[in-house]
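Consider the two complexes below, in which chain A is the common component and chain B and chain C are the respective partners.
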Partner chain A sequence: MKYGYFPGCSLKGTGRAYEESLLPVMQHLGIEMRELDDWSCCGATAYMAVDEGKACALAARNLAIAEQEGHAQLMAPCSACYLVLNKTQHYMAEYGAMKRLVDKALGSVNLRVTRPTPVRHPLDVLLNDVGLEAVKQKVTHPLKGLKVAPYYGCQIVRPYSTFDDQADPQTMDRLLESLGATVVDWPLKTKCCGGSLTGTLPKAGLRLAYILLKEARKRGADVIATVCPLCQFNLDGYHDKIAARWEPVRIPTVYFSQLMGLAFGLPAGRLGLQRGFVPMKPLAAVTAA
Partner chain B sequence: MFEIQRTIKYEADRVPGFGREVMGVPGCEKLKDCIQCGTCSGVCPLSIYMDYTPRQVMALTREDFKREVLGSHTIWLCASCYACAVECPREIRITDIMYELKQRAIHEGVYPRRFPIPVLAQEFTKMVHDHGRVSEGLLVTKLFLKTNPLAALGMAKLGMGLMKTGRFSVKQENIKRRAELAKIVETVDQENLKGKA
Partner chain C sequence: MAKQEQEVRIGFYVCHCGTNIAAMVDCPEVAQFVGTLPGVVLSKDYKYMCSDPGQELIQQDIREHRLNRVVVASCSPLLHEPTFRSATEKGGLNQFYFHMVNIREHDSWVHTDRAEATSKAKALAQAAVHRVAHHKPLETKRVSINPTTLVVGAGIAGIHAAMTIANSGKKVILVEREPTIGGHMAKFDKTFPTLDCAACILTPKMSDVGSHENIQVLSYSEVTKVDGFVGNYTVTVKRKPRYIDEEACIGCQDCIPACVFKQPKFADEFNEGLGKRRPVYIPFPQATPQIVAIDPNTCLNFKKGEDGGRVVSDKCKKTCVEACGDKNAIDFTQVERIEEYEVGSVIVATGFQTFDARRAPAYGYGRFPNVYTSLEIERLVNASGPTGGHVVMRDGKSEPRSVGIIHCVGSRDKKTNVWCSRVCCMYSMKLAHLLKEHTGAEIYNFYIDVRTPGKGYEEFYNKLLDEGVHFIRGRVGEVTDWAMTPDEEGKLVIRVEDTLAGYVRRIPVDMVVLATGLEPQQDAQDVRRMFNMSCGSEGFFLERHPKLAPVNTFNDGIYIAGACQGPKDIPDTVAQAGAAAAEVLALIDKGFVEQEPNTAFILEDECSGCKSCIPLCPYTAILFDEGKGRAYINEALCKGCGTCVGSCPSGSIVQNLFDDEEIFSEIEGVLAYE
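Entry: the complex of A and B
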């Protein structure tokens, strides 16, 4: 199985542990990911707020590169990238004026989008292309006894996702179970993490992160598993600010791909686990308890 | 002494045609179907901090209260979680309407002063234009220096932690074909001008 790979800016920056763990895990499963040449920023939530036409045209540049490189499918692990690339395709399919604008803009630099290249999230690929049976076969160190709160956040399930439920998604739950982990049932799976408001308006943004951390702890989770670099950042980076405002709610937040790597027996040092602010306890300590 | 403030909106406060204009934008058409049920405000994780709830913004927009919605904090508090858009019984794309209002507020320069969120959106966009990629550390540093240098001090510890874990860099990432981006943006500008002519 081969996919074009759109990493996005965060996976090269604050979210590099996501890339560091996802690439070896996918390789271990026999999946080839080829990074798009000279990809540009998806625009995230910020660009759409300034100019939608330009936001779509610049996002579509990446779709055109994917097509030019002959990728049948594109993998976008970051929730914002996943949303924006899908949204651009939806807008081009639904609105003739947007398609004409984007075609014209891309045409000015000899790029073209002639077909929709499916933009897929790694969870979708793992569940529907690879399959849980194949994942299970690779598990050498089952995450037995590890209680994980699966946190999906907003933008991979809403509004364009076709691979999971928008209010009560299940794909990560099932993936974590296949790794041997115990999935903690909690109601905040898709509640907002605060997005960029944790930085721009902490009074409101940090409270959202605090509520998530508090609930995960209350439900007895050892760790929160996330699929998005911004969610990981918000849940991991602000513990002392949250403690100063409300109460300490320390609990590690890791990428699902890091947990996969551990279960596959890949060396922990190669999974970016040292990059978290709140370190995850070594697996042996959990499984022995 | 408390200051008396008028909260009721009068006919004279409207900017006739504004609502129709917004509803003419792709993604915003269904605003006309809003039944004011309040589901959007109920599911919104940020509505408790807003000056107008999402339901009120829908009503005010449709009824031409342009100044009120474009100057509101609400549109900037929307974190784009799409909970409202998914739950709306009339399938109104509320999040996309918020985006349309944000664009208009920036275009007309009427967003709340010294409010960091619209400043972030513009700095982000500028960095994408100039370099093709966003270097998060640099972007956030610029934002704080522009809006609230004192708050930057409060973030110093976070910055140090990020540096220690190898997640913070002020090095600007660049793509190779930056001229291509400039040309794409220029072409969109030209097309928009043609559309207006």
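Entry: the complex of A and C
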């Protein structure tokens, strides 16, 4: 199975651990991911809010490159990229004026979008293309006894819920179960992590992150698993500030791909686990207990 | 066919239909053009051809200008072909010398370019003018109507329709797939807005139906096949085995407590799974017919062995048979039976199903035990329900002290069903009243809009407000067990944007009721195909006209009533059932229907006797005369499908209204237009 790969800025920066774990895990499953050549910013939510036309043109540039390179499908692991690329495609299909505007912008640099390129999330690919049976077969170190709170965030299920339920998504739950982990029943799967408010309006943003951490602890989770670089950053990066405002809730937040890597027995030191502020307990310590 | 040589004199009329046609088609131009075609004696445009003066115009012109063919370009023949045929006949011509062109549905309504739409109208008119020259005089045939009616579905719609027809002295066959008649209404506790007891008003009607001399109730049965046409349908009914001899069972129910299952053990469908029943059961005390049923999925007598075959468990002591005694009504050997019935008309009253609340996962049905559907609450507050009307939550003992009722679950939502289910606002308020009456709990209604269009409905809403039931305007985001404060611990928290107060609220309650919407039955598409009906995009059966033919379908002799046509409450359902019954009685009283003479016939001299047409006929209307060595068509059975006409190797089968001359000249006409 082959996919074009759009990393976006986070996977090269704050979310480096995501890429560091996702690429070897996918390779281990026999999936080829080819990074787009000369990809650009997806525009994220910020640009969308300022100017939809320019934001779509920026995102569509990456779709045009994917098409030019002959990719049948494009994998976008970052939630913001995943959402913006899908939204751009939706806008171009739905609104003629937007399509013309984007075509004109791309035309000025000799690029074209002629067909929709399905933009896929790794969870979608793992569940629907690879299949949980194939994942299970690769598990050599089951995450037995590890209690995981699956945290999806908002962008991969809203407003487009192409592969999972908007209110009660299940794909990561199923994936974690297939790794042998115990999935904690926690109702905040898609609640806000604080988004960019943690930076711009810490009083509101940090409170949202605190709520998530507190509920995960209350429900007995050892670790929170996430799919989104911003969620991971917000839940992992502000523990001191949260402790100062409310109380310490030091619970680690990792990418689902890091847990997959551990379950597959890939070298723990090469999954980006050292990058977290709140370190995850060594797996052996959990499974032995 | 003899007077073909006579000079053809065509009158052509193009109708403006107000602005329906004239706004997109230049009608005077079409009339002017057609006037130049050979054989056309006069060509006119007129504002409303279907009006009395319009029809009078045709009749007058036939007499004054010795017309012998008439063409009208207007709406769909479905609407006004009978009108113009009749005008043609009144003018003194055979009605089949008329031909109709549809330039409304096929042209003006579907195009946006006036010049092109006008061209299309001309081309279609030219085709009709070419065709009509070859029309021949034909006679309609009369077919008598079988006075027996089939009613499918015995909820309140089917029951009311059956009673109305039966009371006029006509026979009715009432088919119901469940073991008892009564439908959804039998499960309701009270009815809005009068709060009279549903069972008290329904069950007497049920027993009247059961004992009516003109009604044959086929319960636990399903229609599987329908053949024939208006007035003469043959219906195949599957009688599912209930393992009880219906003639022998006297309804004493002695077998039920005698079952080896000392305690009822299996989810009771009638009580929405809230109660338990034994494998031998009667759905509810007033079930009609008063005959028990044995459920083969739970009865030990029907255990499946490892090879899939039937193994009688030795735990079954057949104590039910013993209790039945010399009545001998229990028959474990019963098998499915197939029966055929002859009927003249059909009323389809197959009802609705409620939206599956699991399809709205944000509301937690199936995840949180104390989230209920509205039908479950109907049973819970019902005195003959699983708890005897005592409202307790799923733990079986605690009463709710606060209840949230969420409106529009599955309705008015792009992701599920887009339509308003019409009854949920009212039944939610009814349940709010009943829950408050039973428990004294605080009740919160969460609504998008409160819709109370109906006699006494708004007054009922006001009564609820006076009773102190809370109404919060806002679509609920989620029901969660995520507690943020100590007083939310252990409760279900309803998160909602209160759009009147202007902020997001968290309301902790003990019990949540989901006002699930109404949707078409799971198998509505199968039923639609069986009766050759149409469905709207949402899947409810389509009426012939939304205003003027609300219980008719596009298939003559097939009528619809109740919620299978769209969500509706009991008063509207009963009104529709009565209307459908009246339509059926009108048909029966007339005694006959006129049928299009569009049947096929075989030119005896040209038939080679190859018999290739015989197996192709879907209606087995073609027979073979061994003496003559020729095939012939039974006109009474022919439906005019044309299959044999197209397949005959020697071209010796001809179909009235569609002979080669007519079809080819029509094609020539449309192609000749530049």
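Following the convention adopted for this analysis, the second predicted complex is superposed on the first by the 289 of 289 C-alpha atoms of A that agree within 3 Å, B and C clash if a C-alpha of one lies under 4 Å from a C-alpha of the other, contacts with A are read in each partner's own complex, and residues count from 1 in each chain.
Just so it is clear, a contact is a pair of C-beta atoms (placed from the backbone, for glycine too) under 8 Å apart; a residue touches a chain by one contact, two chains touch by 3 or more.
Everything numeric in this text was worked out from a predicted model, so none of it was measured.
> Which partner chains sit in contact with A:79 here, chain B, chain C, both or neither? Use first/second/both/neither.
Neither: A:79 stays clear of chain B and chain C.
> Between chain B (first) and chain C (second), which does A:215 come into contact with in this model arrangement: first, second, both, or neither?
It touches chain C, and chain B stays clear.
> When the two structures are overlaid on chain A, which partner does A:89 contact: first (chain B), second (chain C), both, or neither?
The answer is neither, since A:89 touches no partner chain.
> Now for A:21: first (chain B), second (chain C), both, or neither, which partner does it touch?
A:21 contacts neither chain B nor chain C.
> Output check: A:187 vs chain B and chain C. Expected answer is one of first, second, both, neither. What do you get?
The answer is second: A:187 touches chain C but not chain B.
> Mind working out whether A:232 is in touch with chain B, chain C, both or neither, as first, second, both or neither?
neither
> Should A:166 be classified as contacting the first partner (chain B), the second (chain C), both, or neither?
So A:166 meets both chain B and chain C here.
> If we overlay the two complexes on their shared chain A, which of chain B and chain C does A:44 touch? Say first, second, both or neither.
In the superposed model, A:44 contacts chain B only, not chain C.
> For chain A, which side has the bigger count of touched residues, chain B or chain C?
More residues of chain A are touched by B.
> On chain A, what residues does chain B touch that chain C touches as well?
In the superposed arrangement, which is not itself an observed complex, chain A uses residues 166-167 for both chain B and chain C.
> Mind listing the chain A positions that touch chain B in their complex?
9-10, 12-17, 38-41, 43-54, 57-58, 61, 91, 94-95, 97-98, 101, 104-109, 111, 154-155, 158-159, 166-167, 190-192, 194-197, 199-201, 203-205, 208, 237-238, 240-241, 274-277
> Under the touch definition given earlier, write down the residues of chain C that touch chain A in their complex.
360-362, 367, 415, 478, 480-482, 484
> Please output the residues of chain B touching chain A within their complex, sorted ascending.
26-27, 45-46, 49, 77, 79-83, 85-86, 93, 95, 99-100, 102-103, 106, 116-118, 120-122, 124-125, 128, 132-137, 140, 143, 155, 157-158, 161-162, 165-169, 173, 175-177, 180-181, 183-188, 191-192
> Given the complex with chain C, which residues does chain A contribute to the contact?
Going by the criterion above, the answer is residues 165-168, 186-188, 211, 215.
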